[in-house]
Amino acid sequence: MRPENYQAVSHPPSHEYEVFFGPNHPGIEGNYALKVRLHGDEVTAARADGGYLHRGFEKLMEGRLWIQNIALVPRICVPDPVPMEVCYSLAIEALGGLEVPERAQWIRVMQLELSRIAAHLFTFGGNAATTGMYTPMFWGIADRDLILDLFEELSGGRVYHIYNIPGGVRRDLPEGYLKRVSDTLDYIESRLPDYDNLMFTNQVFVRRATGVGIMTQEQALDWGVTGPNLRATGLPFDVRRDDPYLIYDQLEFDVPVEEAGDAWARTLVRRAELKQSLRILRQVVARLPEIDGPIRAPIPNPLAWNLPLGDVYTRVESSKGELAYYVVSNGGDKPWRVHVRGPSAMHAVQVLEHLVTGARIEDVAQIMFSLDACPPEVDR
Amino acid sequence: MTPTDAPGHDVTTTLDFLLQEVDGLRTRWVAPRRLRVDLPAETLPALLELLKGRAGYVHLSAISCVDWPDDGQFELVYHTWSYELNVLVMAHIRIPRDPGVYLSIYDLYRPAAFFERDIHEMFGLWFEGSPDMGKFILTEWEGPPPMRKEFDGEAWVMEQFGWQEYRPEWLTEIEAKGGGISKRPEQLRGDKGEDGTA
Amino acid sequence: MSDIDYKQRGSLLNPLRSLGFFGRPPVTQPLEPRPASINYRGFHLNDWEKCVGCGTCQKVCDNAAISMVHIPDLPADPAKGVRPERPAIDYGRCCWCGLCVDICPTGALALSREYVHTCVDADLSSYFILPDSHGIHGQPYEKGWAKTADADLISLLREPMPELEPEQRIENFDEIVGGYDPQQALLEASRCVQCGMCHDACPTHMHAPQYIRAIWEGKLEEAVGWIYQTNPFAHICGRVCTRRCETACSIGHRGEPIAIRWLKRYAMDAIPHERVKQIAAAGRCETPSGQRVAIVGAGPAGLTCAFDLAKQGHAVTVFEALSQPGGMTRWGIPEYRLPYDRIDRDIDVIQSLGVEIRCNTRIGSDITLEELHQQYDAVLIALGLQMGRGTRIPGSDHPQVRRAVDLLRQATAGEEFGTPQSAVVIGGGNVAMDIARTLARLQRQRFGTAQVTITALEELSHFLADPVEIKEAHEEGITILPARGPREVVVEDGNLVGLATWRVTSIFDEQGRFSPTYDQEDAQIHTAEMVVEAIGQMSDTGLLGDELTERLAWNRGRLQVDSDGRTSEAWLWAAGDMVRGPDVVSAVADGHRVAASIHAALSAAKEQNP
Amino acid sequence: MTQHEGTVHGIARLRDKTTLREILEVATSFEASARDFYTDLAPKVSKRIRYLVEELAAEEQRHFDLFNDLAQRTDLHEQIQQEIDTPASDSQFSDCLHLPHLGEAPDDQEVLQYAMGREHTAMVHYGELAETTPPGPICDLFHYLASEETKHKLELEKLYYQLVHRGGGV
C-alpha cells in the first residue's frame, strides 16, 4: 500500500471504516486499488489509487524510434492489445501519409474483432467471479485461449502480438488460416447457449447485477463514459460506425444498446456485441480471400525514418470504449509526444468513484468489472 | 478516409459558421472529421462553451499536453466530440512554460478533472479551479515532473539501476581467445551518430 | 434490447440441463510444453554462415537486449563486408518482438519455436545467449518467425539514378549521370543501416556512415566535412570511385547496396565551391614548418599527399609533366564519366591550401630527381601508370596499332589523332571501355556512325571492367566479343586490315590462375582501320636514372616501399598506382599514408636540428 | 635463338643418341646453356625487372638438376611412365607472340616473350622426338621432357598475362 494510504484514519466513529480494496484482491483488475470509506456496509466515499503499474509508456515512447514502439503499445492493455497496435499505427500512417493496403485493413479488422471477443470472454469470466460464480471464468479463459491460439499462429505471440506495424501488418496469413478462424467462430457460437444458460439467464448473476451501479445517459455523457458502458445507457454510439476507420464502413453490424445503465445492462451490451463481432468476422472470413495485394505499404528504413512535423488524433473502438492516440512529431525519428487516451482512464477513476459511492461493499467488485476497466490504460 | 465517410456539407458549414462567433481563431480541416482550431489561451473557455452549448460537444475525449521547451511553452490540446455532428474539434492553445498555470475547465467538462490532474502530475502544470491536483500515480516520486523534456528518463534509469552482469561459459571461452563483447547495447543508447560506425 | 429472456426464472429442474456436460469431452491440456505455431517468436536462431556481424539487429532492438561479440575464430573480410562478430541476446531484456529478424540485412536471424528456458539464480548467466543455428539448449527446433519478402524492413532497391539515354549521349561527351535531387538523396541515404562495413572496406576509410547520416539529416556541410576528413578527391571519387564500400555494404547481400558514391557526389555538388574550400581547410596548421617537400606527379596520390602536408604547414611543390594536374583522372577518364570542371574543383581546393603545382615540368629533362633531392627536405614520386602495354603480336608494330592510354590522353588534350571509321579494341578493363566509347563518340561526331569492336581474352563474367561500363558500352552500340585471343594484326600491302583472333576455350586452370587455351578452328578476322591495345599499364620509371634504379630496392618489378611508402632511400617516398596498382581511392589512401610518414620524418628531422 | 638450339640441328643431335644417358646429356646441356644465357643477361637488364631474369635462370637450373638426377636414377623408367600419363597440353598462347631479338637492355615483356619462345621450342623438340621414337623407355623420356617444358611454358604464360594483360601496375 502506498504511504498516503498508511495515514491513520482520524478517530472514525465505530461504524465507519476505511477499507483498502485491492490491489491484492480478486475483485480488482491489475495492480489497482480503491480506498473506500464505509458506513456499515455502505460506501460513503471512494478514492481510486493508480497502483504500482506505472511503466511510463508515454515517456518511453519518446525515446524510441517510431517503429520500436509497436513492441510497447500492446502492453498498455493486456486483455485487448490489438486496438493499441492499430490505433498507434493509424497515427503513424496519418503523420507519414502512408496508404494501408486493403488486404492489411481487412486483416486488421479481423484481429480487432478477435481481440474484442477474447476481451469480452475474459470480462464475462471476471464479472461472474465477482458474484462468486467461477465456472464462467474458467470457461471464458479457456475459450479465449482458442483465440489466443489463432493469434499465436498469426503473429507468433499469444498475448503481445506485435503484429501491426505502421503501413500494415507484419506477415500475411498462414496457409489455411481463415478456415481455422472459421472453425473457432463456429465453436464459440456453439458455446453461446452454454454461457446464456450458465450466466446470462442465471438469476444469481442477473439479480446481483440488476440495479447495481446505475448511471443515467446524462451522467454517462457528463463523466466522459464511452463504449459499451455508454451504450448501456441508451446512446447508440460506436466509433467503428460513427467515426469509421479501416474498412468498417464496408461491414454490416449493429450497435447494440440497453437503456437501464446498470451493471446488468452493461453485461447485456457486451453479450450482444460479442455476437456482432462474430457477425463481422464471418464477413471478413468470406471477403478476405478475394482481397489480394500487399500486406504493408512500403516504409522507409526504420533506423532512418523521420515523420513530418505534425500531430494527429486517432481513435478506435476497443472492447472498453473509445481508445485514442494523440501523436506529435517534431520532424524527427522518434515521437515527440504520445498521449494514450484509454477509455478506462475515465471509467476506472471518476466514474468508478461515483458509482461505488452509495453502493454496498459487496457490489464494489461487480461495479468495477461491469465497467470493464483496464487499469494499465489509466496508469500508462 | 473515403469521401463517403466525410460529414455532410451542412455540418462543416454549420461548424465554420458557428466558430465565426469567437474572435482570434484559426481553423483548419485536417481530415474529414477532424477540425483543428488554434486560438489564444484566454479564448478557449468561450470556444468550449460555444461548442458544448450550440453544437452538441458534450464529450471531452482528452486533454493532451505537449512540452515545447525551445519555445518556452506548453501546448494544451482539447479534443472534443459532438455526438450530433460526429466531428472532432481539436482546440490547440499554448501557455508559457513558466509559471505553467492555466484555468480548469472542470465546470464545463467533468472528465477534465482526471486529465488536468494527470497533466499536473506529469508536466507540473497547475490548473486553477481543478477539483483535485493531488498525486495519483507518482505518490513516491520526489523528482521533477517526468514528462517534461528536460527529464531524461533513460539517464535516470541508467543511474538508478545496474545492468545484469552475465558470465556464461561461452563468453569466457571467447575471451580466452582474445575476443569478447565488442559493443554493448548501452553504448548505442543516446549515441547520436558521433561515431556511427560499429 | 436483449434477445434473451433473462427475467424468466425458469423451472426448478433447470440445473439438470447441466447434466448434458457429462457427454462432452473435457478441456484438458497436457503438462509438457505444447509445440509452438509456425510463426512462433521463440528463442533466436542465427545462421553464422550468413551473419556478417553488421550489428543492425542491435540497433533496432528496442530493449537494448543485444550485444555484439567479437569472435576471433571467425573469418574477417572487410572487402566483402564480413566482420567476425555475432549478436548475443540478453533474455532478461528481450521482448521477442522480432524486429531484429525483420531488419536483418542478410536474413541470418530467425526466431525458433523453442520457448522454454528457466534456471535457478546461480545459473542466471544462462539468460545471456550467443545464438547459432542449433537452438539455445542444443536441441534442434524448427524456425518460427523468419524473414519474409513482404515484411522485410530493409529497402532492397536503390533510388534510381537519372541518366542520359543512349541516344542522348552517343554523340557527345556530356556527363551521363544526372545526380540525385534532394529528395532522392534523402531517400537513398535513409536506406543506410549505419553498420560501417563501407568504412572498413574503403582503402582510405572514408566516414561514409557519418556523411550518409548527415545527408539524411539534411546537414550537407557536415557531410562535406566528413568527406574531407579522409578524401580531398571528393568530387572525383563521387563520380568514378571503384566503390569497394558498395561491395561491402550489408544491404548488398540481398539487395542493391546503398549508392554511397552517388551520395558523396550529391553532397559535394550541393555545397558551393568557396564553402567547400573553407570546410576543407578546417584543422589547417597556421604556422609554417619551414620545410619543403617535392612531389612528382599531380595525380590522386601525389595531390592527396600534398593536401595533407600543406595542411600540416609544409611548403609543397608538385611537379607535373603534362599541361594540367589530375593524373589519370584527367588524362585517362573520359569527360562523360568525369567532367573536367569537377577535377578542377578538387584541385582548386588543394591549391587553395597553398600547394604549388608546376605543370609542363618533366623530371629528367626539365629538372632532375637529384636536384629535387638536393633542394627539398623530402621527395615523393607518384608517377602513376601512364604507359600502355602492347600485345606484341605479329603486326602490332604497325602505325595504326595504338595504345589506349595514349589516345585517351590525346582526346583529353583535344589533339587530332586520326579518328578511324572502324576500330578494334583489345582488352576487357575499364580503359578498354573508355577508349571504345570515346572512339564511338568521335566517330559519330565525324562520320555519323560508329563501328567499334572490343575483343577480350576473358569471358564477360571475368571482365575487369565495371559491369555498368559494359552495360553502357553495349547500349552505345559497341560490339563486345568476349573470349577472343588476339593472334595477329593483319596487314596487307602495308595497310592495316584488321585483327585476327582465336576463340579462347578456357582461361583459368584448376587453381583459378590464368592459363588460356585456344581453339584454332575458330579463327576470325575483325576488320578495322585501327587496332587499339587497352591491356595492362606500366610506370615510366626511366626518370629515376640507372644509378638510382640500381641503388633502390625493388620488389617484383615495383619499387619496394615500407608500409608507410618510404623507399630504400631515406629521402624518397613512392605512392599511388605505381606502388599499389591502378585505383583512384587506393591512391588517395596511399597519399595519406605517405604524407603521415613524410610528416613524421620531417618533424623528427626538425627536432634533431632545430 | 642461341647457337645451341637451332631447330634442325637440335633434333638431329638428339635423334642420333640412342641411350637414355646420351639423350639426357644433350638435354642437360640445353638447360645449362639457357641458364648461362639468363645469368649473363641478368646484370644487363634494369634492376626493376632483374628478378624475372634471375627466376628464369633458377628455373633452368632446376631443370638442369632434374635431368642430372634422372640420369643417375635406376627407377627411371617407372617414373617417366607415370609422368607421361598426364601430359600437359599446349595452349598456343605464346605462339602468337613475336620472338624478339633480345638487345642489350630488354624489358620485362621481351624477356618473358623470349623465355616462352624458348620453352615452346624445347617443347616442340621433345614432342617431335617422342613422335618419331619407337615406343619404349626412350620415347617415354621424350614425352616426359616435352611435358616438363610445357608446364614451364604455362607458368610463364600466366605470369605474362598478369603482367601485361591484367590491369598492370608494374
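Letters A, B, C and D name the chains as they come in the text, with residue numbers starting at 1 for each one.
Going forward, contacts are C-beta pairs under 8 Å (C-beta built on N, C-alpha and C of every residue); 3 or more make two chains touch, one makes a residue touch a chain.
These numbers come from a predicted model, not from an experiment.
Engineer: Within the chain touch network, how many edges lie on the shortest path between subunit A and subunit B?
Structural biologist: Tracing touching chains, the least step count from subunit A to subunit B comes to 1.
Engineer: Let me have the rounded angstrom distance from the C-alpha centre of subunit B over to the C-alpha centre of subunit C, please.
Structural biologist: About 47 Å separates the centre of subunit B from that of subunit C.
Engineer: With centres defined as the mean C-alpha position, give me the subunit B-subunit D separation in Å.
Structural biologist: Whole-Å distance between the two chain centres: 88.
Engineer: Averaged over CA atoms, how far is the centre of subunit C from the centre of subunit D? Could you give it in whole Å?
Structural biologist: Centre-to-centre distance between subunit C and subunit D: 42 Å.
Engineer: Specify, in ascending order, the residues of subunit D that touch 2 or more different other chains.
Structural biologist: none
Engineer: Please set out, as single numbers or ranges, the residues of subunit C touching at least two other chains.
Structural biologist: 59, 194, 213
Engineer: Out of subunit A, which residues touch more than one other chain, so two or more?
Structural biologist: none
Engineer: Which of the chains are touching one another, listed as pairs?
Structural biologist: By the stated definition, chains touch in these pairs: A-B, A-C, B-C, C-D.
Engineer: Sort out for me which residues of subunit C touch subunit A in the complex.
Structural biologist: Interface residues on subunit C, with respect to subunit A: 1-10, 14, 17-18, 27, 36-41, 56, 59-60, 62-63, 95-99, 102-103, 111, 144-145, 148, 150-151, 153-155, 187, 189-194, 213, 216.
Engineer: In the complex of these two chains, what residues of subunit B are touching subunit C?
Structural biologist: Interface residues on subunit B, with respect to subunit C: 164, 166-171, 174, 177-186, 188-189, 193, 195-198.
Engineer: Given the complex with subunit D, which residues does subunit C contribute to the contact?
Structural biologist: By the definition above, subunit C touches subunit D via 385, 389-394, 396, 427, 429, 457, 464, 485-488, 502, 509, 513-518, 520, 535-539, 541, 546, 549-550, 552, 554-559, 577-578, 580-582.
Engineer: Quick one: in the complex, what on subunit A touches subunit B?
Structural biologist: Touching subunit B: residues 2-4, 48, 50, 54, 56, 58-60, 63, 94, 221-224, 226, 235, 237, 242-245, 249, 311-313, 315, 322, 324, 326, 328, 336-337, 339, 341, 345-346, 349-350, 379 of subunit A.
Engineer: Can you check the complex and tell me which residues of subunit C touch subunit B?
Structural biologist: 54-55, 58-59, 61, 64-73, 83-85, 88, 90, 92-93, 124-130, 194-196, 199-200, 207, 209-210, 213
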